[in-house]
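To start, I am sharing the structure in question, which I have written as structure tokens.
Letters are used for the chains, namely A, B, C and D, taken in the order the chains are written, and counting of residues starts over at 1 for each.
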Amino acid sequence: MLLEVNDLTVRFPGASRPAVEGAAFSLERGEILGLVGESGSGKSVTALCLGGLLLPGAKVSGSIRLEGRELLQCTEKELRALRGRETALVFQEPMASFNPVLPVGKQVEEALRVHTRLSSRERRERALAAMSAAELPEPETLYRRYPHELSGGQLQRAMLAAAVISEPKLLLSDEITTALDATVQVQILDLLARLARERNMAVLFISHDLRLVRKLCPRALVMKDGRIVEEGPVEDLFRAPREDYTRRLIAAIPTRERR
Amino acid sequence: MGKRTNLFLLLGGGLTALMVGLALLGTFWTPYSPTAMGAGEKFAPPSLAHLLGTDNFGRDVFSRVLQGMGASLLIAACVVAIGCLAGTLVGCLCGYFGGPADYLLTRLCDAVTAFPSVLLALVIVSLAGRGTAQIVVALGILFIPSFARLVRGETARHRQANYIQSARLMGVSHGRILTAHILPNLWGVLGPGVVIGFNNAVLSEASMSFLGLGVQPPFPSLGSMLSDSQTYLQRAPWYALSAGMAIALLILGFSLLAEGLQRRRRA
Amino acid sequence: MKKRILALFLAVGVLSGLLGGCQEATPTDPIPSDTNGTSTQAPQKPAEIAVGIAQDLDDSLDPYHMTAAGTREVMFNVFEGLVKPDSRGNLVPAVAESYAISPDGLTYTFPLREGVTFHNGKECTFEDVLYSFQTCAADSVNSTVVAALSNVADISEGEGGVVITLTAPDPDFLSMAASVYIIPKDGTDQAAHPVGTGPFRFVSRSIQENVILERFDGYYGAKPALERVTYRIFEDGNALFTALNSGALDLVAHLTVDQVESLTNGYQVLEGTMNLVQAMYLNHAEAPFDSELVRQALCYAVDVDAMLALTADGHGTKVGSSMYPAFGKYFDPALADRYPHDVEKAKSLLAEAGYPDGFSFTLTVPSNYDPHVDTATVLVEQLKEVGVDAKLELVEWNTWLEDVYAGRNFQATLVGFDASTLTASAMLARWVTDNGKNMINYANPDYDSAYAAAQDPSHTEEEQTAYYKECLDILSRTAANVYLQDLADFVAVAPNLKGYEFYPLYVMDMSLLFFE
Amino acid sequence: MKSLLKKCAALIITLFLVSALAFLAFSLIPADPATSLLGSEATPEAKAALRAELGLDRPLLVRYWEWLTGFLRGDLGNSYLYRMGVGEMLAGKLTVTALLTAESFLFTLLLALPLGILAGSVKNPWLDAACTVLDQAAMSVPPFFLGILACYVLGYGLRLFVPGAYVSPEEDLWGCLGYLVFPALSIAIPRAAMAVKLLRSSILTELGRDYVRTARSRGASERDILLRQVLRNAILPVITFLAVSLAEIMTMSILIEQVFSIPGVGRLLLSSISNRDYPVVLAIVTLLSAWIVAVNFLADLLTRLADPRVRLG
């Protein structure tokens, strides 16, 4: 088992109820797990916790075991060593996620710079390879470009390249397609699936869009108000949702696709 | 965050209230006449009778500081008022109508900004004599460009807005658009501009008086007191310190207040 | 900003034996009485000093174009006339070996001294003297000197030396001649690189930074002990004081008592006077100063002793008329007590003049000289006591020259006048009714006739002196101005620097200084 | 490129306006140079002659035209007072003021950058508040007061330097720079405090941006994030501020030159105004404004270079 989450509770000071309450699930190596829910249901907080990004001021309890290691017991330094190497995060807004004043290539190889002692030339080669793997055209050119010169889709590919460059075991993908056009969305999903498959990388695919989850993930969790309300193979969720909430999520999908 | 906001507002507000209060007090009442000589010994160190000691004529430094602060505040207020009103007018017209007149006026503003302030003050002083009114006019002129630039940008931005465009289509006059639609939108940028301008005005007035161009003796001014006190720095350090600290605290109060207000708005 | 402090005081000339009084340094710290000042400097100390001066020599270094007293103060060490003044106010031979005046007062003979060379190495000849007198007569910016030289009928090389013939006798001529500095005929550009015959030669100037003089080794007289004098310019009085107090300067003159008392560096402090008449000058063409009663009331209202106590800890000399103590022959200390401080008397005089509730006026003061501003500040305060409201208006020096001095457009002003030559007429001529420099529009027939009698060469010297004294008494009696004081002049000198002497002129003689 | 040309045109127009304004100002000031040159004892004829010699009797526009064409040829005219070339006169003074400005600017940078970064990375809210109050206090002290304090405490009290013992750079460059340390600090401290405030708030804003979260998720350390990622963005508004500071510092040096008696351009400007030495004043005013305008231009250019989004846009 790659990841085991038990009774994860995250509480922000001043909030009336926990952002995440008693979440428990697990993830196999190479598995793609969907996490669905409305905005504010606690999906992103869960992702950040799993990524080892402890939010300032937040009270986190329970247990997160990554390859048997208890993340919640780790020091910040140990967490930092995990981040980017064992886990990688990709976020919703590709443009905002890139530093506007650094060339794209430099940001793609960031994890290598942090975690390895590779020379800058070696890093560059790995970055170019990762960018090719992410199906970016002319990686040499794009390497030198600045974020504002790339399209949203290109940036998200670059982001995926940056995420997989250090061969993480777990990719946390938080609404990575939300800001993109529909056609680009599909391409990115395909890319994500291929990368996960090739590298035997587990993916926690977070989305508010059940459609995408169905397309990508064999299994999914449904989250509401910080609790996991339903869990199971994605087709089962579609066919026989046990919760009203899941039903409503399904109902939100345009009719033609629902079937 | 909440605690910090209160801290700056509290500190800044308290300090400003104290200094402005003292300045107001100084315009109506001072322990001694600020110009009366021999109110005490020459160069008497601070004591209960003379809180901040006395100067080279035996005048009470505390009384002079009080009245000097009043003068500084009054001058700064007038300067900012002139700069703000004229600047808003120029900025509004430039930003709204645009065109070559706007270009020229903008360049003129640049030119005034680039013109050494001391020279302008000296020109006005040579023309109209030294005095408080002259220095207000000189500094007022110098403060126009910064306000004009601020307002011009904001006006030009609003001019493009849909509601202005539609008002124009409906045949509303330019004057009405400016006063009813654009002017109310300017408060947001003018507010902080006024506070910063106020501080700059206090500082500029002090600089001018330091060079002997501001308030004329025997009336006290913080800048000229500071200039006079330099000679007696070793003999009567309290003289220089009182005048200098008064300027610094006046400015500090306002900038803390501004910081506090800014943080509260952001929070 | 503190510019050209004493530009008005065109102290150029010299007294011609008329001057009885002389001034000596009155040290607050003991200094040796032996001030013969020839090469006795300690060998370990480099004979260089830095002198702080409060204004740049920015008028012109050309001897005939210098206008500022501060410039003359420095260039006194570079230029000499046929005769020159000494510290006791006597004229002593310089470029001339001696001088002789014919009994009719029309012919002056100056035998030229042997071996006088200019700083450029050329020997001084009759041609140079002739050139100097001609150039000065044509070029000088000092109208008094130009007027005196227009009286010269002929300059020739006679047996005894230079012979100058006048068209009419002039008792002041010798002192005028002292201000005709001798310069080389085919000389350099004097404005940029002055060349004279004095004990120091001009080396360089750096605008608003310094002027450097060096000992002139070809000087005919006693060699100065100092090898090099650097005048450092501090146009801000506070900066000058700061530099002095920190020990960056060896000598600074014209300090105020407050500055002197703030000194903490252990320098010797010498006290003299500034040789000027500081007064509140009143424009008699303006009401209410056309009334003698009002003017007298103001004199009673002002408490000069209290003023001196406040501004200068009691230092300074009261003057009661247009004459200062260095003119011992004319100066009458009793005049200073004619109007003792008396508020009641002042009020009753004002009431009598029709101003029972006082009045208000504008007191215009040039802003460039702090002691005048300080005095004016105290004066304004004192006048309040009798209900007179004086509004202080500080103006720039140039504005003052133009509006007040030339334009006579003022009510009252507070400045100091000194003598452009050390003759009584230099102080008194200006108050004659139709004199072009009668800034205050003083018109008094008695005064005019007394002055004319004093100038009449047919009178004996005693009679002239008596007439001049009468002039002074008339000025005092009619309260022509509110006469205040001759300011105290303090000089701070490094502890081991000796030999400073006060002159009755606005000069600093560097040739007398030496290190002990 | 086109916008650059436009800016250049604006620059030239501004300079032209400044010189015209200065020229106009002098024609308005009463009391002419002849009076100040010749003093109290000169005759009216002598004054008239001098006025004619200086060309002051000719119409204003003619004089302006001559001055302008001369200026464009690099001829700054002659000082009325010193009767020497203005260019020659200014050269030495400009060196001093330039040194003072450069040193002040250097101190501003050396103080502002580390302190700003430090202030931006303080986490404790109370410490942060204390830093901000301290910073505001440093900002509020007028430079000339700081200068006076420096003279008193460091000069007299601790004897670290001798106030007034100025050495010219030609004599001893290091001695001169040494003397300028405290004047430069007096100018730099309030300026640096302003820059610190700006940098701090800029860093805080940037720290809240998404790319910081990305960097964290890659395992970058906080120090690394601050220095390598955030600073490059946070510095952009500070660059503009610092460049404009170069202009402000120059202006401030006029006052500071008074306090520390440094014979720079500022003092020459003040005395030339009161002496009515117009050629000198005109030259200084025009050069000063050229400096201010040029520095603003430079600020613009630097921002373009430092910010890839503007660089090509």
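What we mean here is this: a residue touches a chain if its C-beta (ideal position, glycine included) is under 8 Å from a C-beta of that chain, and two chains touch if they have at least 3 such contacts.
These numbers come from a predicted model, not from an experiment.
Shared contact partners of chain A and chain D, listed by label: none present. Compare each chain's C-alpha centroid with the centroid of every protein C-alpha atom shown, and the nearest one belongs to D. Here B-D and B-C were compared by C-beta pairs in contact; the pair with more is B-D.
The most distant chain from chain D is A, comparing centres defined as mean Cα coordinates. Centres computed as Cα averages put chain A at a distance of 91 Å from chain C. Per-chain CA centroids place chain B at a distance of 21 Å from chain D.
Our note on geometry: chain A versus chain B, Cα centroid distance of 54 Å, whole angstroms. Between the CA-based centres of chain B and chain C the separation comes to 44 Å, rounded to the whole angstrom. Contact of a single residue of chain C with at least two other chains is seen at positions 1, 238, 242, 245, 264, 396, 399.
Of all residues in chain D, those touching 2 or more other chains are 30-31, 151, 156, 258-259, 270, 274, listed in ascending order.
Chain contacts here follow an irregular pattern that is not a line, a ring, a star or a complete set.
If you check each pair of chains against the touch rule, the ones that pass are A-D, B-C, B-D, C-D.
Residues 35-38, 42, 56-58, 125-126, 129-130, 211-212, 216-218, 227, 230-235 of chain B are the ones that touch chain C when the two sit in their complex. Put simply, chain C touches chain B in their complex at residues 1, 237-238, 241-242, 245, 258-259, 261-262, 264, 310-311, 313, 367, 373-374, 377-378, 380-381, 392-396, 399.
Interface of chain D with chain B (complex): residues 10, 13-15, 17-18, 21-22, 25, 28-31, 125, 128-129, 132-133, 136-137, 139-142, 144-145, 148-149, 151-152, 156, 251, 254-255, 258-259, 269-270, 273-274, 281, 284-285, 288-289, 292-293. Against chain D, in their complex, chain A makes its touches with residues 51, 53, 80-85, 87-89, 91, 93, 96-102, 107, 110-111, 114-115, 146, 148-149, 159, 162.
Remark: chain C residues 1, 3, 7-8, 10, 56, 58-60, 67-68, 141-144, 146, 191-192, 206-209, 233-236, 238-240, 242-249, 264, 368, 396-399, 401-403, 405-406, 420 touch chain D in the complex.
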